[in-house]
Each structure stands twice: as C-alpha cells, then as structure tokens.
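Chain IDs A, B, C and D follow the sequence of writing; residue 1 opens each chain.
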Amino acid sequence: MIKVGIIGATGYAGAELVRLLKNHKEAEIIWYGSRSYIDKKYAEVYGNMFQIVENICKDDNIDELADMVDVIFTATPQGFLAGILSEEILKKVKIVDLSADFRIKDVKVYEKWYGIEHKSPQFIPEAVYGLCEINRGKINENTRLVANPGCYTTCSILTAYPLVKEGIIDPNTLIVDAKSGTSGAGRGAKLPNLFCEVNENMKAYGVATHRHTPEIEEQLGYACGGEVTINFTPHLVPMNRGILATEYASLNKKADGTYPSYEEVKAAYDKYYKDEKFVRVLEKGVCPETKWVEGSNYVDINFVIDERTGRIIMMGALDNLVKGAAGQAVQNMNLLFGLKEDMGLDLVPMFP
Amino acid sequence: MIKVGIIGATGYAGAELVRLLKNHKEAEIIWYGSRSYIDKKYAEVYGNMFQIVENICKDDNIDELADMVDVIFTATPQGFLAGILSEEILKKVKIVDLSADFRIKDVKVYEKWYGIEHKSPQFIPEAVYGLCEINRGKINENTRLVANPGCYTTCSILTAYPLVKEGIIDPNTLIVDAKSGTSGAGRGAKLPNLFCEVNENMKAYGVATHRHTPEIEEQLGYACGGEVTINFTPHLVPMNRGILATEYASLNKKADGTYPSYEEVKAAYDKYYKDEKFVRVLEKGVCPETKWVEGSNYVDINFVIDERTGRIIMMGALDNLVKGAAGQAVQNMNLLFGLKEDMGLDLVPMFP
Amino acid sequence: MIKVGIIGATGYAGAELVRLLKNHKEAEIIWYGSRSYIDKKYAEVYGNMFQIVENICKDDNIDELADMVDVIFTATPQGFLAGILSEEILKKVKIVDLSADFRIKDVKVYEKWYGIEHKSPQFIPEAVYGLCEINRGKINENTRLVANPGCYTTCSILTAYPLVKEGIIDPNTLIVDAKSGTSGAGRGAKLPNLFCEVNENMKAYGVATHRHTPEIEEQLGYACGGEVTINFTPHLVPMNRGILATEYASLNKKADGTYPSYEEVKAAYDKYYKDEKFVRVLEKGVCPETKWVEGSNYVDINFVIDERTGRIIMMGALDNLVKGAAGQAVQNMNLLFGLKEDMGLDLVPMFP
Amino acid sequence: MIKVGIIGATGYAGAELVRLLKNHKEAEIIWYGSRSYIDKKYAEVYGNMFQIVENICKDDNIDELADMVDVIFTATPQGFLAGILSEEILKKVKIVDLSADFRIKDVKVYEKWYGIEHKSPQFIPEAVYGLCEINRGKINENTRLVANPGCYTTCSILTAYPLVKEGIIDPNTLIVDAKSGTSGAGRGAKLPNLFCEVNENMKAYGVATHRHTPEIEEQLGYACGGEVTINFTPHLVPMNRGILATEYASLNKKADGTYPSYEEVKAAYDKYYKDEKFVRVLEKGVCPETKWVEGSNYVDINFVIDERTGRIIMMGALDNLVKGAAGQAVQNMNLLFGLKEDMGLDLVPMFP
C-alpha cells in the first residue's frame, strides 16, 4: 500500500485527488494538508466526503510528512514547492507537483511569465514533465520529482502533438483558443468567480499573457526540434468542469504540393495514440464535447481539414480536474511505483 | 458473472445503469435494448461511451433476451413491462423494473393515477418494492420481480420513514416539496426540456396530481400501519442531476405535552440508518445539498425542529439517476444474486 | 426631475436600481454611493454600464447627500440606516430603505431575529411598509420613510394575501417553501456563493430561522387581524434571478361543510388583484415560472386546490431584484412623488 | 404609428422582436404570424407575455399581411422568404428579413453553402445588407428590402471591420473562434438542445462548414476591396444568450518594419466607432463579457496586440437575440422609416 500525503488537499484539484485515491486499491491517503483548514474535519470542508473521509486537515509540514509517506502530491500555489524543496526531502519521498514550479526547464522563462523568483532551480533538471503519453519512458521507480502538467497544457499539447511531431503542421502558425470550466479558477472566494458573475456569461482572460503559453511552447518545441511561438487564449465558461481547446494551424504541403488527406492526418494521430487508453481520437466528423469526458481521465480529440484556407482545425476535450490535474497525477504515481498505469482511473465519464 | 440485459438502455436511467455496471465486477451487460436506436452503435448515442461500450443497440425482444441473461432491467415507459410480462419469462430470468408498473399493490390506485389499464396485475402480489433499506429482507435469490422505487419516492420516503414508523410525526400532515434536476424528465426531445426553457428558470408541475404521490402514501402507510394522505409537489430545477425533498410535518407531542427533542428525533433516525451505508444523517445544523451526493448512491438526510409551529422540517437529497434509479437497481440486483449489497456502488460523490 | 441618491449602489439591488432609473423619465441619479469603491468609476465596477453611467462612486455621507437630492435609496446592510437616520435628514429628503430596518413594527421582534440593537426605533411608527398593492393608500407626498419589503416577503405575502384576508385559508397552517436565485445572496466574495459551489446544486438554508419569517407573519397578521405563525424555508437555486414561493395551507370549510371551489378562490384573488398591473393571476392550470417574470416588475400567481388533503397549494413568482427589490422601490418612489405608479417600470419580461 | 407584421413570431428571434416592439413608441404589432401555433394565444406560447400581448397567432399569409402593415419582419427558416417574395409584395410593404436569403450577393455562393436553390434571385441586387453601422447610408425611406445580418456575422464583422478597412491586418489570416449561447439554436424540440445535453457541456460544431462563413467573407471583402477567405468556428455554450467572438489575424507591418501600436489600432477603431452608440470599444485591458451586453443592442469590442507572434487578438461580444437579430432589425426599421435610429433600443444591459 502506497502511503500518500497531499499538500493543498482542500483546493478543487486536491479534493479531486482525494476522490480518485479513495477508490485506488494500492494507495492510502494518510495526510490531508490544508493551511486554511488546520484541525478542521476534512468532511466539513467537503460535505460530499461525510462518512467517507474521517481525517482532520493538517498543516503543511513537508519535513514531517516526508518521513511518513511514500509520495507527496503538492496541489499548491506557484512558488510553494520551490520554496521548501530540498535534497533531504527528495531522498525520502517522491513528489508529484501539480503546480508549475518544475514544468519549465528554462528558469528565466519561468521567472518572466510567473513574475516570481525560482527558489530551487537546482531540481529543475531532474524533474520529469509528467505528460505520461509522451514521457512515460522517463517516469519510473527511479524518478523522484514529477512536474504534473497544467490543465490547459495537457489538452493543448496532446491535441496537436502528433501533427507537430510528424511535421504535418507549421507549429509557429498554431493558435490555441481554449475554453475552461470555472473549477480551473480554484476555490478562492473572489468576486469574479461568484455564481452571478460567471453564470450566463463568457469572456476571454489573460490574453497573450497566460502562463500556460510557455509550457505549451516548450513541449511542442521538443516535439519538432525547434523553437515554437504560439497564441494561446483561455476563456471562462459557465460550467464546473471541462476544457475544450480549439486549435488552428497551417498545414504543410506535401512534396506534390497538395495538402495531407484526412487519412494521412488520422494515421499520424493513430501512430501515437492508437494504443493509448486515455486518448480517444473520435470518429470522422464527431466534435469532442467536454461532457463526454466529465469525471474521467480521457482526452477526446478530433480534427477537420479546411482546404479553403490550408488550415487544420484540431479539437481536444478533457476534464480539467482529472486528466488536467488529479487524474494525471495518479497516472504519474502509478508509473512512479510500477503499478498498472490506469489503476484507479477506470472512470466511466458521467452523463448527463 | 451475472449476464445483464437492459431494455431502455438509451434513456438517461438506462445510460446510468451502463455507467454503473461497467465498473461492476460480477456483472456484464450483454444486451443494450433500445427501440429508438436499433442497430446503431451505443457509443454513437452516448459519446461518453466511445471505446468503452462497443455494442450495438438491439430491439426489445424480451423473450429472446430472457434466454440469454440472468437479469433484465427495464428502464421503460409505464405500461411497457406490464404489457409483455409472463410467467414463462419470470421462470427464466429475474427482472428489476425501473418503471412504476409493479410498485403499487392496489391496481385501482395504479390505474387511476397513471390513467392506463394494468395488463398483468397477477404479478403485482409477488413484486417486491425495492427500497433496499426497508425491504432488504424480501429481496433475495428467490425473488423474481423487483419494483425499483421512483426517484422522488426514494427520497421522500427515506427522509420521513423513521419518524413515521416511530410515531414521531403525524403522517397525514406531511407535505413534501421536492425539487429535481432535469434528467428526471428524460431524454425525449420536448420543448419544455430545451436548455433555454429550463435554464435560469424554476417552476412547480404536476401539482396535486403527480404519480409518485400514491407510491409515497402506500409505503408510509405500511410504516405507520394506516392510511396516509399527503401533499407532494415536484419542481423542475436548472441542474442535470439531484433531488432535494423538503418535508414538513406536525410533531406528535409526547405524553408530557412537550415536543420531542433533537436528540430523540436523531435517535429515531439512528435506529434505522446508523448501519446503512447509503443513508447519511448529517451532523446537526448541516442542510443536505444535492451536489454532495452527485454521482453516488447516497441519500443525505437532516432535520430541524421548529417549536414555534410544532412542526419538523426534514430534508433529503439524492442523485435521481443513482439512488433514485440505476444505483438502487444495482443494489437490488446485488441482493437478488446474493452479492455484497454495495458491490459496484463505491461511488465517491463528485464535487464540484 | 427627481434627484436621486443611492447608498449601496454597487450591490446587486443597487445596480438594479441604476438599471431601472436610467430609463425613468422623471428621475436622475446624482449620487452613486459605495463604501467599497469610493472614487472608482461606476462603470468599472459594473462593465454593463460602460458609456451609460459616467459617474464616480462616492462615500455614503448621508448628511451631504440629503442636501443634494429629493430621495435616497438605501440598499445597505441591516442596521446601517437605523444607525444614521435623524429627524434632520428626514426633514430634507425622502428615504426608501431596501434593508429591513423599518419593516417590522415591533422593535423586539426585529432585534430578536436580526440579532442587533435598533438604533433609531423612534422612526419605526412613521415608516410605511412599502408593499404598494396593499399599502398604496399610505404612500404619498407626505410620506417620509418607506420600508421597502424583502424579496421573499413580497412574493410570499402577495401569493397568500387575498386568501388570508378573506378567511379562505387558516393562516397558522401556512407553510412557505421558497426558492431563490443566487443574486439574493448579494455580491460579497464568499465561498458558498462561488459558481462551482452553487452550480448544479440545491439546498435549503436558514431553516426555521430566516429573518424574512417575522416580516411575513406581521403582514399576514394585519390581513387576518390576528397573530400568525408560519413556516418559511428558503432554498438556493442555481440561477441568477427569480424567486418561486410554493405555499401550502389548509382551506377553511364553508358553512355547508364543503371546501371553496376554484371559482370562489379565484374570485378572492380577483377582488384584490384584478386591477393590479403588476400582479398577474395566471389562467387555470398554469404554474408560474420565474423566467416568465425575469427583468420585470410582475408577480405571477396561481393556485391548485387539493380536496384529498383539504389544502390549497399557492404559487408565486417574481424577479427578486425587480419586484423583490429595486422595481418595488421605484414603484414606491413614484407614489412618493405623485407620479404614475408604473413609470419606468414598463419592463417586458425577457425570455429566454 | 408604424404597423408591423411578424412572420415567425414564436421563434426566439421573433419573440425578441415582440419584446422590443412592445416598448417602441412608433410601432405597433398587428400580426403575430406562426405556422406552428395558428389560432393559439400568443401569451400561451410565451407565458412572459401574459396580459401584455392579447393577440392570437395567425398563419403566414404574406399577401394578406402586405395589405395590412407597413413593414414585415420575417424571422423564418432559410428559403422561406425567397420562396414567396414578389414585386407586388415589395410595392406594398417594406421587409426586414432575419433569414439569410438576401444577405449574400452571389447566388451561387448562397446555394452552395445553404444547399438550396434560391427562388427569387432577382431581388438580391436591391436588398441592402442591414449592418447599420456600415451600411446606414443605404437604408432609408426608399429601401424596400433589408437583409438583416446573422448573429455570428454581426459580431465577427464589427469586431474586425476597422482593421480590415484600414489595412492594419491581413484579412486572409483571419480566424474567428466564436462562442454562442443556446438560443441561437432556436426553439425546435431537438435532442441536442435539451437542457441535459447542453448544460455543463461545450463543443464546436459546423467546423469549416458553417453558413455564416461566406457572409463574413463577403462583407470583409468589401471592406478591403478584395477576396477574403477565413476560418470560422462556432461553439455552443451553456448559456441562454450571448455571442463572444475571439478573432486572430496577422498584423501588417508598417513602412518602418514595426507593428502598429496600441494607440494606432485604437485610432482605427475610433475612426469608425467613436460616434456609434451601439458599438463600445472598451478601455485598454478590459476583455468583453457577454453578460455586459445582455438584453441590449450593444456590441462590446476590444483587442490585444501580441508582438511575440505578430498577431492581434480581437474580441467582440453581443446579445445574439438583440444586436444579433431583433435589435438590429428594429434599428433597420427605424432607418427605413426615418425615425431616430436608436428608438426603442435604449436598453440598459441587465446584470446579473
């Protein structure tokens, strides 16, 4: 039985970790860390957990925690983990970090987009970017630190990855127009997240400045072996869960001057995803819907070729709290401990 | 492995049965019946099931089906099962009926409230009303026909049952004001169920005439050993899932002329529910919220005593598609086959 | 042109006052008071007002304000107006108070339910309870202080008033089960009002203790000429606007031992509401829907007689920010200044 | 008083025309045409209109109607008006067509995208494309036929128009990612529009094939004096009203090799919109929100320059039923009859 500690267990991502791990046969949560609710019963913070979780919320003492558990999930604000991480901790415990602290290899890029100083850049090189479908080979029992990808980034990257990797699209023409449910904004009591402000409303935010941009650019850069600069625009949608990314890019013409066919593009997706349980490339003509993946670890993907404009429109959908956060974190945990990758993740999407 | 057939697999309750049974270790669905979608892939009707269910929808031939499976779930319109049931079928297969056909013992009451003739009243006596927490003793390997309770009724009855049974309230003063998410209205393409008609809207319907009324009255009548007449008012709420029942009744005074105390009422609930996994009586002062049970088989219950008026306000919440339909049906199936009652129902409520 | 000052102009009720008064031909807002946003442009607080309102938010200096305007609307927390009101102010300016400070005649009742000391009880006697349809005769150019009714109370009282007044129901059997959109909870940045907490959720709150209870009891007491004690249970619904009150009461039998007929009850409603522009008693069998009154000053009412139980189920729907707050306040203002009562209130409900 | 007939008065756009015209001082609806509800009271079809509209729905006899009214609004399916229009009718009455029949000048383009034959192409040349802010000069008392623009197109065109017209962006790089509330899908009882299918869900549809594409291309082609080919992707959002268009285009470099500055782009917008009442270019850094325009005739616009990619992100928001349909139709009617262009359109956006 893997002993688990969660720091930040009372945010929405932390709570989703609890939901998933309660049904995981090989893991047991023994520490519910929550700076805001110390000494309060977890089930008082999340009424759905009444009679399911009997634990009390604890402070976020990572040193104490490192002695007690096998793996720590940090579902914490940016800068938190970088501020307290040490070699001593990493010698004792594996860490899956749901924040952005160790996702970006170039610390200058991190500091520019996040506007904070990185307090432990020495651990960046060893951190593995935990996008399992792409980096599975690097996540195993020897790995100590996994940087769990962002919700928007998981969706954006997986949707475009095969086409970038195979040179089917020009990555520098990529435009990602992403739409997210409101749980992505967290559980902080802020006016813009009030029901009456979000409901019956839609808006873009963080236009040209959102922090997930460099994360997408870095990973797609690895895929094509070059620098990638993209546009990424997130939007807030009046729903609890779900991210839909609509992505546009110019198709590279083939040697004969024509655009790749549906079958050729489909083959590129199949090359990478045919055996991936959690990536579903839909049937021709079917557009992904966020509701079809709700509560599950799936990413649904499809595409349409527009010969009129020479562009392809790719679409990807996932549940931001599952594949976009807690589900992927559990997937990484499974890899870290040599378990079946999908253990605890046999979640059938809930509809309606 | 229990072989399962579903008739009406493409309605919302049928689809929820599919979701639950896909994660049930001892059951396997081998027949997805759907008159509306014969020969269509189930996953084309419910995109969430892509790559999870590969089956094709079939017609609802119950005779053929009875030879192939161990249990049939009928998630069908009122009158359907009564119209085709026969001794021959019941000799071959167990049936859990999610419609109202066999819920009401007095066929005249059924015919009056439902406005249709009952075509096989001879099976009514043997049908067991499948409210497991109350009738568990009657549901076992010898039972052939279970009448799965309605969504509103499950919530309404469980919320008031201990107080009626223990004589704490006067059942004829009972008023049930119930609120339901829209999935309760089914997947029929009807104008009143369109998004723009339901969203940002709330209304009562079926006032004084809703068909769940006599079902509640009959069951509470058994509890108190007399005739019960109540008011039941359902409302449509702009949410997918969830029923909240707010119930009002006059408290019977004790011999000393005082009203029962919080502790006395709580003790009555505990008497019946303390060991019930799926009934959670909340802590004092906490009002049930439908979201706290979403996706799970729980019923959350609580109450407030109002000495000013001599009434008690009881509140119950459940997920109409789970404890109010498919979850309870699986619970009944487990009992019918001698399995652990909660098998496949370890569903942690999803929040948000 | 009536000069208007609003104290609390940046709450939802205050903002609705702004929306309504911008289209009022005889009123002009010259003071947008908001303690939270002093010196900020009003249109930065409410983006919908961009290029419509050019004013800056000001502090809530009522003395200064009293010299500048003809009427002040106070859309402020309980206790605010009572804490600053003086004879000097009332000599200069009329006040329509949207808080509860002057709604309840018995100061002890106020202090008990609100848990605060009333700082200026000397003005309670002269305050008129501004439920125009009932107290129209007392609101005129001589009136100085109007206590604008609460949202739940306006709906609850108007729905039952004729039947209480005419002795058709027993007021002490009255149970009001009310459901409200989330704007009723105000614009404060509180966790329970976050989108993800309210959306797809429903719950009761303030059970047996909600402060609108004594307000309903007092007014219905005047109607029947006796003391009235009722149950009132509010619920939070995932929609922005709208209150639906479902009300239950026992019918008094007539001299001949029968219950009053539909026509007799309808006649009672017509007696009071036939000529009321803002009260619409719907056609037989039609249940009020909150969406049918959204954005308007209407209250829609209807009822169903249940001879089985001897009760009547009454239903009322209004927009909590219009007839439940700002619209009724404007209606009162019109009466205070001898204008046409519906001036500025020709609002056609918006659907969908 | 202008006498108005509406054909298609019971669709959502038709109903919004009714809402707006009820408050229009110079117009009176005397014909509520509705093929689906002939002889039914209009207020039974739209309960919000109870006691506001007393009329009965009538058949859509345009010949009879043309003799009775001054202007006909056709809020009808594609092909309807083209199928019945005649010189005789146009001699008697002005027509504002809310369908697409006369929006596209090249009948071949119309027939290709709409898949139907155009039955009266002879009237296409005289039809004026009723985007008032651009074509105001062509809409006057001599105009007989106005093609009221589509909802997506109004938003998409107005958001990009000044930059295309002024050569600031390359129109052939334009990508419009648009999101719409569900009322845009109409009031037809179709499964995909059910509450439970739309709520908590988001998806793209009509990818690369949506019929508003050629309409946008044609109008922007006039603006730049050349052919324009764009990508347009609509999405369905779980809200009643509102369209948000997020538009991407490459900036043309200036002679000095640099990109235009914020001020230069802003100046281009101001050149066209500074005096436009219904177009609000927001303050720097503020993203349009659909809720800020709800119920009103405004279009809110803003933009962000991204020097990293050389692109500009433009955003536009409107209410699809007002500026995207009925509001613009009334605006056109006002121009057709020489009235003040904003008469009846002083609608303050409703929030929340």
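Just so it is clear, a residue touches a chain if its C-beta (ideal position, glycine included) is under 8 Å from a C-beta of that chain, and two chains touch if they have at least 3 such contacts.
In this text, all values refer to a predicted model and were calculated from it rather than measured experimentally.
Distance between Cα centroids is largest for the pairing of subunit C with A. Set side by side, the interfaces B-D and B-C show unequal numbers of C-beta pairs in contact, with more at B-C.
In terms of their C-alpha centroids, the spacing between subunit B and subunit D amounts to 46 Å. For the pair subunit A and subunit B, the distance between C-alpha centroids works out to 37 Å. Taking each chain's centre as the average of its CA atoms, subunit B and subunit C sit 38 Å apart.
Looking at subunit A, residues 12, 183, 196-197, 199-200, 238-241, 289, 291, 294, 352 sit in touch with two or more other chains.
By the touch criterion stated above, subunit B contacts subunit D in their complex at residues 12, 182-183, 187, 189-191, 193-200, 238-240. By the touch criterion stated above, subunit D contacts subunit A in their complex at residues 172, 175, 177, 179, 181, 196-197, 199-205, 207-208, 229-231, 233, 235, 237-242, 244, 246, 248, 287-291, 294, 304-306, 308-309, 311, 313, 315, 317, 352. Looking at the complex, you find that subunit D touches subunit C at residues 12, 15, 19, 22-23, 46-52, 183, 200, 240-241, 280, 282-283, 286, 289, 291-296, 300, 346, 348-352.
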